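In what comes next, subunit A is part of two complexes: it sits with subunit B in the first one and with subunit C in the second one.
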Partner chain A sequence: MPAIKHSEKNRPLSPRLSVYRWQIPMMASLAHRASGMVLALFVPVYLFLLTGLTNSPEDFSRMLDWMHAWPGRLILWFTGVALFYHMVNGIRFILLDAGWFEARESMRITARVSMGAGVLAALLLGSFLW
Partner chain B sequence: MSETIRLEIYRYDPEGDAKPTMQAYEVPVLKPGMKLLDALNYIKWNLDGTLTYRRSCAEGVCGSDGMNINGVNGLACITDVAGLKQPIRVRPLPSMQVIRDLVVDTTHFFEQYRSIKPWLQAVSPVPEHERLQSVEERAALDGMYECVLCGCCTTSCPSWWWNGNRFLGPAALLQADRWIRDTRDEAAGQRLDALEDAFKLYRCHQIMNCMEACPKGLNPTAAINHIKRTLLARKS
Partner chain C sequence: MLGINRFGTAHNGLGDWYVQRLTAVVVALLLPPAFVLLLSVYNGTLDQMQLLDLVDGYIGRMLHTLLLIALLTHAHLGVKVIVEDYVHFAALRIPLMGTVMIGLAAFGIWWLSVTWAWGS
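Let's look at the complex of A and B:
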């Protein structure tokens, strides 16, 4: 009898994230979680800025300079876009939870609307900051 | 028939020690409206008898030939070759233990299905005839009873990829909702109790790959949301 391996440990796992084609609703969900993460990570930066701004007049102008230099602007831009996208898509998720837009096509369209709003916010805020 | 179709197919031989590879094939266009399963059959019957995959009815009812086609899950038997970008990359359903080539181990998938008790539970005495439903009550099961348990949705779900041992996945949850909605079933309370769990149900983050993948045009995301709403309504 030929030796047949039955050990499940030897079985490879079929490829998943590396081969799965990106879909717009998938991106919308991932961007929602990523933007939420950005917002949470911004809290310490925000507290750092707040203590800096309220410490002394010299610290205030130092912080002001930093915020108007490119790292400060970049952080503001990033957080602003994250805040806007997270809000728009958050409303979408709440509406879906409540049973709105449940048809397959509506789910696709609303994902496009959220993503489009995020891109638009990124462009507008970018042109405003630079 | 001069036209040919180029395919790249995931191959894994458990009897050799080699790692999985992608193997290229060329198949002639056999007929108008040719399906991907026709191409696989042509390879198996004419080019390479070692190619292994599951198939049965060949018309989208048995749910045997779920696979990853150009990155998205679907049934080979109802997927037109004409609309696919070439080379058509065919892989087994994602995040599954591969037994051989396109054949994956579905044990865990069906265990999860079994765990939602997919049968009618009723304690009231059996009537003399069938347990009747109104037309409206029956219509509430549309979009759920059509599921063929091919596994395309569950294996497309990133939440299930990362937490598949605890998250039940779209297919089992769609079926759970099917029984919760069924007016003849009398165990909705117990069913909901069993589902109210941070992992079993609430790992769904509305990624909606399940909805995009479903070859029967169903919407497991909407079914999962319906279970969540039913749980909420029960509390208030």
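Let's look at the complex of A and C:
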């Protein structure tokens, strides 16, 4: 190891939220992580719904009631929005990996597009569920 | 991947990177249809018999199996990246990731058993 141990210790660790000024691509990236966590937490709920819906007819109607009650609606809305945003921004990330939209300005524009897609999904899914 | 001379000290980061993107493509193709099915059940477009007709054929079961393998792998890698970024204390991070991995595997096994038990 070179003799930079001391200064290395005091370096801020990634993702350095307190160091950099908040920018739109950074928010898009954070929202990608947050929506990913929401979707990971939806896995048990999906399994709960799937088991119920494919079980006896009584279980099916119980699940339907659960989905139509407000906690179920809210969970469906929240995960649907997270899914749509995560998918659009995920496609954006893959395009970035492939070398598209890498310039600073196009990074900002595409970040706005992902976020706009998330807002649009929130409105459309909201009007579908309520 | 072209032009890379050395892979760094972990030696396997590229594998994670690639698998994360490969599973992303599978999930992007298969999860939206599953969500649409859920919404169709929600608004009454599909009743239980019609739902079962769609999911309990061989194709439905195969696609569901592919989806769950890709989804759980993708979720594991994604949660791992987040945990490695924010949980700096190794004695907490390692058991936490172990728990996440076992938990996702358990859900996967349960999900598989549900998917392949339909109609029997």
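To be clear about the criterion, the second predicted complex is superposed on the first by the 109 of 130 C-alpha atoms of A that agree within 3 Å, B and C clash if a C-alpha of one lies under 4 Å from a C-alpha of the other, contacts with A are read in each partner's own complex, and residues count from 1 in each chain.
FYI, a residue touches a chain if its C-beta (ideal position, glycine included) is under 8 Å from a C-beta of that chain, and two chains touch if they have at least 3 such contacts.
The model shown is predicted, which means the values in this text are computed figures rather than measured ones.
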Worksheet entry | Touching partner for A:G99 - first (subunit B), second (subunit C), both, neither | first
Note to self: For A:T51, using the defined touch cut-off, is the partner it touches subunit B, subunit C, both, or neither? Pick first, second, both or neither.
What the structure shows: second
- Determine, under the contact definition given at the top, whether A:M107 touches first (subunit B), second (subunit C), both, or neither. first
Touch test for A:D65: subunit B only (first), subunit C only (second), both, or neither?
neither
*asked:* Is A:R33 touching anything from subunit B or subunit C once the two structures are fitted on A? First, second, both or neither.
replied: both
Check: Can A:L76 be said to touch subunit B (first), subunit C (second), both, or neither?
Finding: second
For A:M87, decide between first (touching subunit B), second (touching subunit C), both and neither. second
**Report entry** First, second, both or neither for A:P25, with subunit B first and subunit C second
**Finding:** first
Where subunit B and subunit C land on the same part of subunit A: residues 13-15, 33, 97
As the complex stands, subunit B meets subunit A at residues 10, 12, 14-15, 19-20, 68, 70-72, 89, 91-99, 104-105, 155-156, 158, 161, 205-209, 211-212, 217, 219, 221-222, 225-226, 228-229
Given the complex, residues on subunit A that touch subunit B span 2-5, 8, 10-17, 19-21, 23, 25-26, 29-30, 32-33, 93, 96-99, 102-104, 107, 111
Contacts from subunit A onto subunit C in the complex sit at residues 13-15, 33, 36-37, 39-40, 43-44, 46-47, 49-51, 53-54, 57, 60, 64, 67-68, 76, 80, 83, 87, 90-91, 94, 97, 128-129
The subunit C residues in contact with subunit A across the complex are 21, 24-25, 28, 31-32, 34-35, 38-39, 41-43, 48, 51-52, 55-56, 71-72, 75, 78-79, 81-82, 85-86, 88, 104, 107, 110-111, 114, 118
